[in-house]
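Sharing a structure, written as structure tokens. Questions coming.
Here the chain labels run A, B, C and D in written order, and each chain numbers its own residues starting at 1.
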Amino acid sequence: MAVDSKTAKKIIAKRVAMELENGQLVNLGIGLPTMVANYIPENIEVTLQSENGMVGMGPTPEEGKEDKNITNAGGQYVTINKNGMFFDTALSFSLIRGGHVDVTVLGALEVDQEGNLSNWIIPGKLVPGMGGAMDLVTGAKKVIVAMQHTAKGDLKIKKKCELPLTAKGQVDMVVTELGVMVVTEKGLVLKEIHKDTTVEEVIQLTDAELIIDENLKVMDI
Amino acid sequence: MMSKVVDYSAVKPLLKDGMSLMIGGFLGCGTPEGLISLIIEMDLKDLTIICNDTSFVDKGIGRLVANGNVKKVITSHIGTNPESGRRMNEGTLEVELSPQGTLIERIRAAGSGLGGVLTPTGVGTMVEDGKQKIQLNGKDYLIEMPLKADLALVFASTVDSFGNAYYKGTTRNFNPIIALAGDKVVVEAEELVEVGKIDPEVVMTPGVLVDYIVKGED
Amino acid sequence: MAVDSKTAKKIIAKRVAMELENGQLVNLGIGLPTMVANYIPENIEVTLQSENGMVGMGPTPEEGKEDKNITNAGGQYVTINKNGMFFDTALSFSLIRGGHVDVTVLGALEVDQEGNLSNWIIPGKLVPGMGGAMDLVTGAKKVIVAMQHTAKGDLKIKKKCELPLTAKGQVDMVVTELGVMVVTEKGLVLKEIHKDTTVEEVIQLTDAELIIDENLKVMDI
Amino acid sequence: MMSKVVDYSAVKPLLKDGMSLMIGGFLGCGTPEGLISLIIEMDLKDLTIICNDTSFVDKGIGRLVANGNVKKVITSHIGTNPESGRRMNEGTLEVELSPQGTLIERIRAAGSGLGGVLTPTGVGTMVEDGKQKIQLNGKDYLIEMPLKADLALVFASTVDSFGNAYYKGTTRNFNPIIALAGDKVVVEAEELVEVGKIDPEVVMTPGVLVDYIVKGED
């Protein structure tokens, strides 16, 4: 299955959005995870958290209507919904670490079949820092990794993460343009695949040992 | 989405004999009296109550103690309610005393995913009995354990229908902290308003923590 | 020196008030310590904390002007000054335990020459609980015990506290109607005595070994 | 009482080479830019900065890094400021990374008299290197140590002349917490008002924590 990056991201964001349930508190990471907000089904209402200091984050303001006092965790101007609240970083992470965030969606450099995640450092090359990612992955009830299945040909879904971990065994689900994988006690289970790919192709592009679900479905996007 | 605003009767299924409750208030100021009355009306038994104090015999949590609903109380002070002392002495009420600052941090720790609290308060006193002590940077600290509850009963002065809450004056006390540490959270609103009526900058408890809202009686 | 309880309390409150300095954050316990507020010198501005949830506590409201939402740590109606702030119990005790309270004034059942304090329990008899006292005594920069020198003839200033402690070695100063004592590394030093008593009388009414300061002064009240 | 409101020049004696500073802000939102400019003007050296992130090259704390004022930064994120990475790689900037939720709790612990923080965040990762680990109720926690500083530099949207502070929107972030943990606290006010103009119920930092107030430039 050959799709460009833009199409891939759209597939991923759409599929992740289907995981969200009414009334949930959700934290979307910077980049692709942020796109999930655009695909939330109409009958589903969730509250978005931005770890720099709000729940009830709204859409990007119209040009010229930016408020310098209202930014998201990426430093960009956003808005707040009328059911929202601003708070300090301590309360923000009480919500995160305390298990009050129902779903967190993040990107990854690597993820593995034991639910380990690496997304904050490439030693000697790139050291952005973990920001709030370690707390989010440790504290959120459900951790979804949203990323393209491979990076320039490199396999990112591993038997064992090689890069330093963000958290150990905390990932619940991995959504890529090729399919949906769930971390279980038995290992990484392929639950859904994209209609334009095959199980063989997914296995070939995955370093981890994939268990193929007996009720394998086509992604409904 | 379903509204969180319900009648007192809809709260009844949440309230059960033997459960643990956190209840807001400081000597009755900021306590949800309507929910207290509901518990008395249901005549619940064997409750464990986590709260700052047992108030007065005829006010707030003090009414539950006097009515015999409480098996155990985890609190910082029982001195203003003679019924608490009497029942403790006759063996019908178990009292676990925790220093006020420790008590609130234990609740906060549970609600914030922390493993416990490292506090100097109580070192060298009876409070350290049975607890782990740890030396950090040459100073002794007690490891005080987190406190959760099945249900948190919160009083708030103004609540919108999403559950965003605002506390007036000194009614705030334990209320915003227990809202983090109950498996379910019920807020009794002195005043109920539409969503958007409380400025997001002055909301004190985010509605996402709140499961049910009842309108308090005047 | 024979004074009634009312006069004794007035002497103590007046003397404690002289310890306060401009700009300090002060917590006054219930009862006698609360009276200190009435004697703060005119040129001294302090901010009073009430651990149930405010700084900038003001005087008792006029009758009929009580606000049910504004009470002190004793559950009584009070007011807030215009420079005040309300907060939750967590921040209140961050201020207390964190050393932001400059002075705390409390009563005692017993205090001893090592700076130990007992004021929260008489096992088998009276178990009110410690409330905020343990945190206040542990966290405040300066701990002043304000109490009558003896209780119905019983000596309260001990060599060693016999009742369960509120905190170990935290008391800095003891003010009674007979004098002012300071806890030092060498022991309990009598720094001031009331003009109507004698060193001999103070020693007789004190179980602790008193070191008499070489510059012993008369209480200036 | 002497007024806390001073000119920037009066803050200069507080600022010294080699000192530790906590500075508020999240990617520059809620950072006291006037105080940052003062440090650059004074060309201080060897500062240790405790902050959420190193912002951008031309904004907030990022300007201090780019200007070479900083010896060490204790932070959760440096990825938006290429100068931080470059200086780290060339060995002229020491970077201690702490997860954001851990970082803020470490500051809060110092300001609240707690001995440290018991957090599950970082267990099983590089973050646990060199730290004590403790098992409580069958779960592993890291003991993260408190963080204090010589001086806290706070930005606030509205400040009264007693130092009571109000933060708009997401400018709040680290500001009210660092105000607890600096030996001295300077607040840069976007708007300066008389005492009494901020409702005691919505003040976010009590003036008793504040030593000096400067009026920010527009």
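By our rule, contacts are C-beta pairs under 8 Å (C-beta built on N, C-alpha and C of every residue); 3 or more make two chains touch, one makes a residue touch a chain.
Heads up on the chains, UniProt names are A, C = Acetate CoA/acetoacetate CoA-transferase beta subunit.
Small disclaimer: the values here were computed from a predicted structure and weren't measured.
*Asks:* What's the overlap between the neighbours of chain C and those of chain D?
*Replies:* Common neighbours, chain C/chain D: B.
*Asks:* Taking CA centroids for every chain, report which one is farthest away from chain A.
*Replies:* Most distant chain from chain A: C.
*Asks:* Which pair, B-C or A-B, has more C-beta contacts?
*Replies:* Looking at B-C and A-B side by side, B-C shows more C-beta contacts.
*Asks:* Could you give the separation in Å between the centres of chain A and chain D, each centre being the mean of its C-alpha atoms?
*Replies:* 29
*Asks:* Please compute the C-alpha centroid of chain A, do the same for chain C, then give the distance between them in whole Å.
*Replies:* Each chain's C-alpha centroid was found; their separation is 55 Å.
*Asks:* Take the average of all CA coordinates in chain A, do the same for chain B, and state the distance between these two points in whole angstrom.
*Replies:* Between these chains, centre-to-centre, one finds 35 Å.
*Asks:* Could you pull out the residues of chain B that touch at least 2 other chains?
*Replies:* In chain B, 105, 108, 112-114, 119-120, 167-169, 201 touch at least two other chains.
*Asks:* Could you list which residues of chain A touch at least two other chains?
*Replies:* Only 54, 80, 86-87, 93, 96-97, 138-139 qualify.
*Asks:* Treating touching as the only link between chains, describe the layout with one word: line, ring, star, complete or other.
*Replies:* It is other, because the touches fit no line, ring, star or complete pattern.
*Asks:* Got a list of which chains touch which?
*Replies:* Final set of chain pairs in contact is A-B, A-D, B-C, B-D, C-D.
*Asks:* For chain C, which residues are in contact with chain B within the complex?
*Replies:* The touching residues are 50-54, 67-75, 80, 86-90, 92-93, 96-97, 121, 126-135, 138-139, 164-169.
*Asks:* Flag every residue of chain B that touches chain C in the complex, lowest number first.
*Replies:* That would be residues 26-30, 52-53, 56, 75-80, 85, 88, 95, 97, 99-102, 104-105, 108, 119-127, 157, 167-177, 204 of chain B.
*Asks:* Provide the residue numbers of chain D that touch chain B in the complex, in ascending order.
*Replies:* Chain D residues touching chain B: 105, 109, 113-120, 134, 136-137, 139, 141, 143, 145, 166-169, 201-202.
*Asks:* Could you please specify the touching residues of chain D with respect to chain C in the complex?
*Replies:* 1, 108, 110-114, 160, 162, 164, 180, 195-196, 200-201, 203, 206-209
*Asks:* In the complex of these two chains, what residues of chain A are touching chain B?
*Replies:* Against chain B, chain A makes touches at 22-23, 25, 45, 47, 54-56, 80, 82-87, 93-100, 138-139.
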